[in-house]
Amino acid sequence: MITAISIESLAVARGDRALISGFNLTLDAGEAVALAGRNGAGKTSLLRAVAGLIRPSAGRVVFHGEDGEIAAEDAVARDAHLIGHQDGLKLSRTAWDEALFQAEWTGGTTASARAACARLGLGKLLGLQVRKLSAGQRRRLALARLAASPRSLWLLDEPMAPLDRDQRGVFGQLMAEHLAGGGLILAAAHDPLPIAARPIEVGGGENAG
Amino acid sequence: MITAISIESLAVARGDRALISGFNLTLDAGEAVALAGRNGAGKTSLLRAVAGLIRPSAGRVVFHGEDGEIAAEDAVARDAHLIGHQDGLKLSRTAWDEALFQAEWTGGTTASARAACARLGLGKLLGLQVRKLSAGQRRRLALARLAASPRSLWLLDEPMAPLDRDQRGVFGQLMAEHLAGGGLILAAAHDPLPIAARPIEVGGGENAG
Amino acid sequence: MFQALVNPERFMAFSRWAAPLLGAIALVLAAAGLFLDFQAPPDYQQGYTVHIMFIHVPAAFMSEFVYACLGVASFLSLVFRHALATAAARAAAPLGAGFTLLALITGSLWGRPTWGTWWVWDPRLTSVLVLFLFYVGYMALESAIEDEAKAARAAAILALVGLINLPIVHYSVVWWNSLHQRSSLLRTDGPDMPAVYLAPLLLMLLAYMAGFGALWLVRVRGEVWRRRAAVLAMRAAG
Amino acid sequence: MRGFSLVLRRELALSWAGGGGPVLALGFYLAMASLLPLALGADPARMVAVAPGFAWLVLALASLLSLERMFERDFEDGALDLIALGPAPLEMTALAKGLAQWAAITGPLAVLAPIVVVALGAPLSLAPIVVTCGLIGGLSFCFLGGVGASLSLGSRRGGVLIALIVLPLFTPPVIFGAGAIEAFGAALDWRAPLLLLCAYSLAATALCPFAMAAAARNALS
Amino acid sequence: MRGFSLVLRRELALSWAGGGGPVLALGFYLAMASLLPLALGADPARMVAVAPGFAWLVLALASLLSLERMFERDFEDGALDLIALGPAPLEMTALAKGLAQWAAITGPLAVLAPIVVVALGAPLSLAPIVVTCGLIGGLSFCFLGGVGASLSLGSRRGGVLIALIVLPLFTPPVIFGAGAIEAFGAALDWRAPLLLLCAYSLAATALCPFAMAAAARNALS
């Protein structure tokens, strides 16, 4: 159970380019941070570095639990969700198959998966092949695992882009509840989030660097 | 040169489901229409039907030129741009290769392609593999062909989602100029467009239908 | 006739009595054919195994006949996008595969005693095998695409490509074997037949035809019902 | 016409730089050819007899390897939408794709074939006919394969399904080619089968693009 | 462990879904087999000679044909991110993927092999050894192929190109397998080569997952 994370003078490089350097941030339970920044500033890279998918060129990310620091791998593997730009859905499977797999994979159950889908208004679509879903429906399918399997740290990369108004509302509630439950949210977004979030500016974009 | 399109009592069905029915719309030179609607309402399907990729179950789309009606195929093949949810870029090629191909494919030239890329702030990135570009940079690469090859009818499916603030500005200008030049824009978007556009509500979404 | 059938309602009405009728005819003909068959004396050289012929030959014939039907149905469903044609194509494939398999099995069962081997790479045999593969590919493709309409059209395109190709395959195979030394004992023209065998054979052939007709109609009806059920379900789901 | 050359260039670039098709196919070809003697327990007499036919067969099979990339990628990443709306009709594009496939994959294989045939112990004198058959027959392999690839768009199964659809269609070219090679080896008349092969390949080149385009449109709709 | 079975189930579902596994496998096999005599000539002696080698070729080709789907899809559509962050270490996932491929593709093919080998004229008595060798050797094909597939993820040259690296590794199982079959046929001692085959496949199964996982991590970073 992650109660806080602190990013300490993190530096991320892509290719031979230093994207982010000396980046510091602490995020406590119930807190949300909105990462802003131009295209190519490094928001996605930062999120992936926090998730441990990219090895930082310097600095570290520390995960704190009730009883002291947690090893990064375990913390992420057990208690973090990463929603990237892509939905990561298999077009040829049915919506329900994918929802169920993603939920179980992240520690949810059949029941919680079904509940999550219902909550995101996917109920009637679960029988359809993912290929047939609309962009927003696919994104909701990908978001379902947030509700289906409870994990403390949410790393969200522009989660709301293809959602329609109502669904943004629903998703806003979801985030609010998560925070109220002591969760942490680190989200990259170009539009304001539907929740109170501490704005942080990332990097300089491709024209800097 | 398309000067106007009129959609006459169009009906589109997916699988066994009637998505859109009796849809009427006329769009004149210099005019922009913003298609709103919940996820799964049928915006993408409508745009694809207008582009002739989906065969409507009823009704028709008429393309008008200076001298009377134009055959749909020619109209679309010669004078329309479709920007879908996906960028349609090959990850393993360089940004410039893709930009150039898309521009030439739609009737542009090397010069116009380079200019368009510069305008969308891709200048420094053209040598990179598309795989390495950020989401917004990829989308801009896909948008570049709008500026690179002049075509009258723009069919845009949530074109701006991953763009940062400045770039939305740039793209807004692009659209404004296009309209000023007598172009037509039919865009699906969940957020307001940066230009004056006539709002049209599409279908009922998955819960209607 | 065809005009009457292209209207689904009319078709359902027609097939409701046509299917059982054809089925009955098939049974009678088959019974008669088998009776005559067993009246016939055992072949002097093939002994009792000759009985296999009355199952094998019609099956082999049907395997080609059904593919022709499949091709026609596919063409109609592609060009006129007619639901019944699509259903007919869908329904025909498994039947054709069945007949082909029957021809293959009975054939090799017959080959064991007569040629002393289950299988020889003889042109006729090979072309039947290829035909069987066409059916398998057709069904695999259709079942591999989720969206029914798209699956049907893709399969129809394949069926047409196959239709153009099958004759070529057939003749190329014949030609192939005539280039290499003749390898098998099979007399491709088939043993010239005394009437005692010919009569029952023809009866069996007709029986197969009628049987196929009956099964086909039944399966098409099934398809139509399935489609209607699906539509209703969609409406219900709203 | 311009559209045609554009797609052609793109496809070639993709399969040479990105696709990895040719090299993989070549590798497969060599590996498989080198398997034969191993699997045969290297009885030279046997091998010489089968070498040409086997080399020819493996060439046909190797052309299956990169089929999945022919349409599926463009379909999944949305590029096919763009291509479908371009200046050239989809049939043209299909033709270009087929030719690119040929130039990038089966062509090199054909040119390489003699090495294999000889390595398997067949006389070098067979080289010219093997190359010719490879080049001509390869054309039909590419286009028939293209039909399979486009038909299986949006299906749940890739490579193996395509192979199943396509292999029966390979029958005629394989027969003609093998016939020509064998006849050439036996100093019989090899022109007849070679002509048949040409005819078949040309027919495939002319007709398959329509099937491909129809299949692609169907998948997009 | 739970993670392992999850991935395994998913992979199996993905590769068995639609166009059912065995039917497809059988069709694929028959199609390949029917081409063989067409290319080599119907003379039984020749075909008996190549039959076992041919069975291997089919296995190898099938596992190469489905390489792309092993990692590349998950990589391009982002599913690999999710999988990398799951409960099971990537090594586990890689193992599951390899096994799934084996169970879904090479396994059925191996089981069907006898039908074809016999149809090609080999004695029925060979069936058991052919199946055994196919099953065991197929395992190594899947995992070696997997290494190639993961190595080629997102590589600049892209494609399955780097799978070439592993193609040579396909030969030992063939040598051992062919040896075993030949020995069995000649009523010699076939246990030794079979043991070697087992050893090789087990080693591949045990080591390759680490290589795959490392390659995948590298591609993601």
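Just so it is clear, A, B, C, D and E label the chains in written order, and each chain counts residues from 1 on its own.
The rule is simple: a contact is a pair of C-beta atoms (placed from the backbone, for glycine too) under 8 Å apart; a residue touches a chain by one contact, two chains touch by 3 or more.
The structure presented is a predicted model; accordingly, all values stated were derived computationally and were not measured.
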Classification of the chain A:chain B interface as same or different, half of numbers criterion: same
Interface with more contacting C-beta pairs, comparing A-C to C-D: C-D
Reference chain E; chain at largest CA-centroid distance: B
Per Cα centroids, the chain farthest from chain A: C
Chain B-chain E separation of Cα centroids, rounded to whole Å: 44
Gap in Å, rounded to a whole number, between the CA centres of chain E and chain C: 35
Between chain A and chain B, centroid-to-centroid distance (C-alpha), Å: 29
Touching two or more other chains - residue numbers and ranges from chain A: 85, 91-92, 124, 131-132
Chain C residues counted as touching two or more neighbouring chains: 130, 133, 136-137, 140-141, 144-147, 173, 176, 180, 238
Residue list for chain D, restricted to those that touch at least two other chains: 17-18, 76-77, 154-157, 161, 164, 167-168, 171, 175, 178, 182, 221
Residues on chain B engaged by chain D in the complex (per definition of touch): 48, 51-55, 76-78, 80, 82, 84-93, 97, 101-102, 104-107
Chain B contact footprint on chain D (complex, rising order): 3, 6, 10, 13-14, 17-18, 73-74, 77-87, 220-221
Residues of chain D touching chain E in the complex: 17-21, 23-24, 27-28, 31-32, 34-36, 38-41, 43, 46, 49-50, 53-54, 56-58, 60-61, 64-65, 68-69, 76-77, 155-161, 163-164, 167-168, 170-171, 174-175, 177-178, 182
Chain A contact footprint on chain D (complex, rising order): 76, 154-156
Chain C-touching residues of chain A, taken from the complex the two chains share: 92, 124, 129, 131-132
